[in-house]
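Which chain is which? They are A, B, C, D and E, in the order written, and residues in each are numbered from 1.
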C-alpha cells in the first residue's frame, strides 16, 4: 500500500508544477504578485519534496531493484504498437529529479527578487513552472516518447522564456532560433526513435510499450544490428539540446532571456538533457564503439572550441554561456568514453556552480542596472560582498580547485578520458588545455567585474547596491553546494567511496549485461564497455600513481590559469593588449566573432533557402508554371479554339450553305470509299 | 388499288383525336382572332392553352393501344404519346412566356397562337410518322410555321433576317432530306416505313440507295437538331428570334428532331451501323466541342444558350450513337442490342425532358429580362445584381444554369448520368470521356451567368421587368428540375417503357 | 424517438438542409436567422453524438445502415452507412458546424440568411458524402458540395473572389468528371452502384490502373496533392472566414477520405502501382508547401500553404499502406481540421478588426491583445505538431508508419524527407508568429485594438480543449478507427500478400499469427 | 438506244448540283430561292423515276406534296423578303449582317 | 424515240438550270427557270406521269414562277441589276469541290455497277389523274389533309408578315 502511494507521487511530481502554471496562466493579472510568486515556488517546492520522498524510497530498495514506475494510462495503442503514459524513477532519473527540482526551487526563489518589478511577473512564473513540468516529464518519462514530449516541452519553454521580453525584436529572434535549431536536432532524434521502433515492433504483441526503456533494454539484442545508426541519430538530438557542435549556436543568443532563465534552463538543467538522454540510452551506446567515438570527439571538440571563444567575450553572460557550452562538451566527452557516471556527476556539480555563477552575474547586472558589458564594470567587490564571495566560490569550483565540486567531477572525467579504452592521450590533452582556458577566462571575468576601479557612468554607479535576500540566499546555498557538492563523489584513490558512482552503478551496469548477451558482432564493444566499468570499479586497487599525477597536474594547471588571468588583467593589462594584437589581431577578431559560424549558417542555408522558396518555388513554379502555364494556359487554349471557330460564324448564308455542302460531301465520299 | 376510305375513318377517330383537337384548335383561334372584336389581352392564350391541355387530357383518357392509322401512314404508341405530352407541355409554357411580353411594342402577334398550334401539330405528326410522306409533311408543317414565328416580328429587322436565314437554309436542307427520301424510296419501292423495313429484312442492301439515302436524311435531321457542320443557322436564328420562340425552338424542335432520329434509327437498325455510325460519331464530337467552345466566348445570353443548345444536341447524339452502335458480338448479341437500345433510348427521352425543363426556364426568364431590341438587349452583363433586384428570377436562373452544366442534384446531372451510362454500356468509353470533358468546359460559361447575377454589383440599367407570371412559371419548372434530379426514377421508367415493345 | 434513432443517419444528414430551407423561406429577420442556424447546427451535433455513443468499434463494419431503393429498382439505392472512419470525420463536421456559425456572428452582415443557408446546405452535403455507401449517391453529395462553397466564396469573398470561386469550382470538376466515367464503367461491370458490389467486381490489371487514376485524380485535386494545389491558396485567401474554416476543416478531408474509402480498397493493383509516385508527390507537397508558406506575405495564404504541407503528410500516411500510417493519416485529418480551423478563425478575428492580413501590417500584437496572442500561440504549436497536442500524434504515427513500411519503395527515405517538413513547419509558423505578435507595436493602426470578445473565446475554446485532449488521449480516435481501417484494407492486403515482396507484420497482417491486427488486439486483451 | 433508270437519276443529280452550286454562288436572295426550287424539282424527277421503276404510286403523290410545299415555302420566303426589302432596300444576302458573331 | 426525247428534254432542263444560275439578271433567270420546269414536265411525261407533267406546268411553271416574277417586278431595280460585284474567282475551286466530288462518285459508281433498267412495265392507267386522285383520297388521305394545313400555315404567314403594324385592340 505504502509503495503504491509513493508510485502515485511520481505523476504528481510532474503535474503539480503544471497545475501551478495553469493557475498562474489562467488567473494571470488577476493574481497579486506575491501570491503568484509564492504559488509558483510552492509548486516546485512540493514536487521537490515529493522527489526526495521517492528518492529516499529508492535508497531503501535493494540495489538491483531500484526502480519505481507509475503508469497513468495507455497513450497510443494500435495493434502491436503501444506507448504508455507512464513515469518511472531509477537512480539516474532520481538524481536528475533532485537536481532539477532543487536548483529549480532555488532559482524560483531568486526570481521573486530578480523579476520583482517586471510587468510580466505572473507570465514569467507561469513559464517557469511550465518548464519544471516539462523537464520533469523528460527526466521521469518511462519511455523514449515521454522523454521526447518533455524534450519538446522544455524547448518550447526555453523559446517562451528567451523571448520573454518580446518587445525587443532581438529577443524574439533568439527564441525562435533556439526552437528551430533544437527542431533540427529533434529531426535526428525522431528518426532515431523510428529506427528503434522499426526493429522492435515486430517483436511486440501490444502488451508492453515499444519505446519503454525497459523494453528496449530487454530486447537490446534486436537493436544491436542498427545500434550505430540509432545512436548517432539520437546523438544528433543531443547535440541540439545540449548545444554541441554543430548545433550549439543557439545557446549564446539564448542569453537574451532573463538571467534566472539562463541559470535554470541554459546552464543547470535543460541543456544537460542531451547528456541525460545519452546516459539513459547507455545500454545501446556501449554496443557501438563508432558512435561512442563520435560522441567523445564532438564532446571534446566542443569543450575546447567554446572555451577559446569564451576567452574574448565582453558580455558577462556570453562568457558564461560559452563556458557552459564547453562544460557540456566535458559531459559528452565523459559519456563518449563510457564514463556515464562521471558525466552525470559533472552534470550535477555543474548545475550547482554554473547556476551559482549565472545568478551571481544576474545579481551584478541587477546592481549595474541591466548593464552586461564587463568593460564598464569593475570594483564591485566592495559594493556587492555576498555576490562577490559566492561568485568567487563558483569560479574556483569551475576552475577545478581542490576540494571544490568542480575538481572531483572534471578530474574524474579527464582521468577516465585518459585511462579508458574509448579515450586516450589526445582527447585528454585537449580537455586539459580547455580546463586551463576555463580557469583563465573565469578569472578574467572576475577581475574585470569585481576588481579595479568601476568604469561605469556615475549615474549608474549611484544605483549600485547589494541584492535583496531572496536573491542572495540562493546564492549562498548554491555556493555551499558547489563547495561540498563534489564530496559525494570522492574518488577511491583519495580513499573516498565514490558513493555517487556506486549509486548509479545499477543503471549503467545493466548496459553491459545487455551487451554481454548481445549479438556476437558487438562482443568486443561489450568487452570494452565491461572493461571501462571494471576499471572504474577497481581503480582504487592498482596503480593509483598515474591518477595522483594527473589529478595534481590538472589542479596546478587550473590554479595556473587563475593566476595568469589575475596577473594579466589585474597587473599587466598591456600584456592582454599585446596578446590581442598578436598577428595583426586576426586571431582575436575571429574569436570575438565566434569563428563567424552564425554568418556562415546564414549565408549557407537561410538566405539561399528563402530566396529559392520565394523566387523559384512560389513565383516560379506555383504562380508561373502551374497556374500561369498549365491552368490559365489550358483555359486560354480553349478560349482561342472557341474564338477561332467563331470566325466561321460570319453571318453569310452562302458560307453556311457552303459548309453544309462540304459536310455532305465529306459524308458522301466517306460512304463511297468505305464501300 | 384500294378505294376511298372515308367510311373506315370512324374507327380511327379515337387515336387521332389529339391531333384533330390541335388542328381544329388552330383553325378555331384563327377565326376567333379574325372575327371576335372584343378580345382582351389573354383570351387567345387561354384558348390556345386550353386546346393543348385538352389534347393532353384526351390523350390520357383516350386508348393507349399501339395501332397503325390511315393505312399505316402514322402510328400511335407510347413513343408518340410521350412526345405528344412533351410537345404540348412545351407549347403551354411557350404560350405563357409569349403572353408575358404580348403587349410589348412589336410583340403583339395574334397569329402566334394558331401558328404555334400548327407547329405542335407538325411535331406530333412527325413523331408519329410511319411513312416518309408523313414524316416530310410533318417536318414541313413544323418548319414553315416556325419560319413565321421567327421572322414574323414586324418592325424588327433582326427577326426578319433570322426568319429568312432559317427559311432559305431550311429549304436548302430539306432538298437534301427529300433527295435522301427519294433514294430510300427507290430502294424500298414504297414510302411506308413498313415497306422499308420489309425491304431491309429481305436482304441484299443496295449500298448506294440505302447508304446515301439514309446519309442525306441524317443531314436533313441534323440540320433540324443543329448538328455540326449543319448547325450554322442556329446561333443567328436563335439570336434574331424573340426569346420565347427561341426557347420553343431550342426545346420542342430539337425534341422533334430527335424523336424522328430515334424513330428512324430504330427503323434502320442495324443497317445504319455502316451508314451512320462512323460519321455520326465524328459529327457528334464536333457538335459538342463546337457548341461549348464557342459558347465560352459569348456575351449575349441568347447566343450563349444557342451554342449551349448545340452542345446539348451533341450529348444527345451520343445517345443515338449508343443506340445504333454495332452491337458487340457474342451469343447474347440480340439481348445486348435490345438492352442497349432501351437504355439509350430511355436516356435520350429523359434527357430531352430534363433539357426542355431547364432550357424553358432559362429562356422564359431571358424573355422577360431582356427587352428584345437589338444585341445589347441580351447582354449578360445587364443581369448584374439581379440576385438583389429579383431574387426569385435570379435563383431560378442560377439553378437552371447549374442544371444545364450537369451539377447534381438537378435533372441536368441525372440526364447526363443516364446518357453517359448508356454510352458506356454500349462500350463507347472514349466518347463518354469526350462527353464529360465537354460538360466540364460548359461549366465555365454557365457559371459566368451566376457570377454576373450574384457576384457583381447592380447597375442602374440592369433590369426592368415586372412580369411575374413568367417568373413563377420558371420557378415551377425549376422545382420540377430539382424534383426530377432527386427522384428521376418514375420519369425514367416512363421513358424506358416507351421502348419495351420495340424490337431493335 | 425510434422514429429518429431508426433513421439517425438520415436525420443527421438532412437536419441542416431543413434548416437552410427554413432560413430561405420562413425565417426573415437576420438576428433571428443567426440564432436559428446556430440552434440547427447544435441539434445536428447532438444527433451526431448519438452516433458517437452507439457506434460499436469492436464490431466495426458499417452500422446504422439505411437502404432504400432509389433508381433502377434497387440497382442504385439511397444507401447510408457509417464505420469508424466516417464516424470521426462526421463528428469533426458536426462539431465545427456550430463553431463556424457562431464565428460569423458579426463578420457577415450582408445577406445573412442566404449565407447561413448555404453553410447548412454545405454541411448536409458533406455529411452525406461521409455516409454514402452507394457510389451515385456519393457522387451526388460530392458534387453538391461545390455549389454552396462556390457561392460562399463568390458572394462573401474578398477582392479576387470571383476568380477564386470559379477556379475552385472548375478545378474540382476536372477531377470528378473523370471519376464519373470510372463510376459508370464499374456500374456497368457490377450491375449495381453499391460499394459492396463494386468490391466484388473482378478487374484486370490495366482496368484497375485506369480506374484508380480516374478516382485518384478527383480526390487528389480535393486534397490537394501537389501539383494540383494551386486552387487552394486562392480559395482560402478569398473565402470569408467561415468558408476557409469549412474548407480547411472538412472539405479537404473529403479527398483523403475518398482515397481511403474508394480508391484504395477498390483498386489494389492501382494502389501498388501508383503508391511510389503518389508518396513522392506527397513528400514534395510536404516540403514544397512548407517552403512556399515560409515566404508568404499574407497570413491566410501562409496557413493555406501549410495545409498543403499537412495534407501531404496525410496522403503519405495513407499510401504507406501500414495500419500505423493510415491511422495517423486519419488522426491528422482531425488534428489539422482543429488546428488549421482554429488558425483561420483567429486570422478572421484580426481581419475583422483590421481588414488586412498582410504580416507586414502587424507586429507586437501580443502586447495589445494578450489573450488573442495566447490562443494563436496554442494553435500555432498545435499545427507544428508539438507533443501533447493533437498534431504530434498524427505526424508521429504517419512518419513512423511510413518509415516502417515494407511495401513502399524506399520508405525510409520518404519518411526522412517528410520529417524535414516538421522542422520547416516550425520555421514558417514561428517566424510568422514572431512578425505578427512579437516585437514592438509600432503600427499606429494596431494601437487600441480590442482583445478577444467573449463570443470569440467561446468559439475558440472548444477547439483548444480538443487539441489538447486528443493530444493526450488519442485512443479516443484510434480505438474507433482501428477495426474499420483493417476492414477497409482487407482487399488491399490480399493483393499485397500475393506479391512476392509480401508485407511484414506491421502492415495490416501480423507475421507470426498471419491474422489481421484486429484479431491480435483481442488476444492482447 | 434505251433510256434506263440510271439516266434519269444522273439527270436529276446534275440538276440538283446545278441548283446547289447556284445557291452558293448567287447573292440575290430571290435567285437563291429559285435555286432551291430547282433542287426540289430534281428530287421530283427522282421520285417519278423510282415510281416508274417500282410501279408504285407513292412517288407521284410525293411529288405533288413537293409542289405544294415548294409553293408554300416560296410564298412565306418572298413575304419575309419583301419585309426585309422594305427596310434594307436590297435583296443581296451578303448585306444581311445583323446576325453574326 | 424515247431516247431522243430524254436527251433533248434532259439537256434543255439542265441548260435551263445552268442559265438561271449564271444569269446576272433575276428576271431573265426566272424565265430560264420556268423554261427548265417545262422541260421537267416533259421528263415527267416520259416517266408515264402525265398528271404530274400537267401539274408541273400549272403549279410550278405557272403559279410559283409567276409569284417569283411578281415579287421581282415589285422589288424592281436592285433585283434586276442582280449582284453588284461579280463573284470572287478565288473562291471557285472551294465551291467546285462538292459538286466535283459528287460527280466523280456518280461516275465511279456507274462504272462499277453499270446502269439499271426499269424493273417492270407499267400497268395501264399508271399516273393518270384518276389514278392519282384515288390515291390522294384513299391511301394518302393523311398527306392530303396535312398539305392543306401546310398551305393554311403559308397563308397565315403571308398575311401576318404582309400586313403592317397591328394596334393592340384593347388599348
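Note that a contact is a pair of C-beta atoms (placed from the backbone, for glycine too) under 8 Å apart; a residue touches a chain by one contact, two chains touch by 3 or more.
Here the structure is a predicted model, which is why all the values come from computation and not from measurement.
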Steps in the shortest chain-to-chain touch route ending at subunit E and beginning at subunit B:
1
With centres defined as CA means, the chain nearest the overall centre is C
More contacts between chains, A-D or D-E
D-E
Note: subunit D sits from subunit B at a C-alpha centroid distance in Å of 26
Calculate how many whole Å lie between the centre of subunit C and the centre of subunit D, each centre taken as the average of the chain's C-alpha atoms.
66
Where the centres are mean C-alpha positions, what is the separation of subunit A from subunit E, in Å?
103
I'd like to verify one number: the distance from the centre of subunit A to the centre of subunit B, where each centre is the average of its C-alpha atoms, in whole angstrom.
79
If a residue has to touch 2 or more other chains to count, which residues of subunit A qualify?
646, 649, 651, 653, 657-658, 661-662, 664, 668
Could you pull out the residues of subunit B that touch at least 2 other chains?
133, 137, 140, 144, 147-148, 151, 154, 165, 168, 172, 235-236, 294, 297, 444
Each pair of chains that touch: what are they?
A-B, A-C, A-D, A-E, B-C, B-D, B-E, D-E
Quick one: which bits of subunit E touch subunit D in the complex? Just the residue numbers, please.
2-3, 6, 10, 13-14, 17-18, 20-21, 26, 29-30, 33, 36-37, 40, 43-44, 46-49, 51-52, 55-56, 59-60, 63-64, 67-68, 71-72, 74-75, 78-79, 82-84, 87, 95, 98-99, 102-103, 106, 110, 115-120, 122-123, 126-127, 131-132, 135-136, 139-140, 143, 147, 150-151, 153-155, 157-158, 161-162
Which positions of subunit B touch subunit D when the two form their complex?
132-133, 136-137, 140, 144, 147-148, 151, 154, 157-158, 160-165, 167-168, 171-172, 174-175, 178-179, 181-183, 185-186, 189-192, 235-237, 239-240, 294, 297, 303
Interface residues, subunit D side, partner subunit E - complex
1-8, 10-11, 13-15, 17-22, 24-28, 30-31, 33-35, 37-38, 41, 44-45, 48-49, 51-55, 57-58, 60-61, 63-65, 67-76, 78-83, 85, 89-92
Could you pull out which subunit A residues touch subunit B in their complex?
635, 638-639, 641-643, 645-646, 648-649, 651, 653, 655-657, 659-660, 662-664, 666-668, 670-671, 674-675
State the interface residues of subunit D toward subunit A in the complex, per the touch definition above.
20, 23-27, 32, 93-94, 96-101
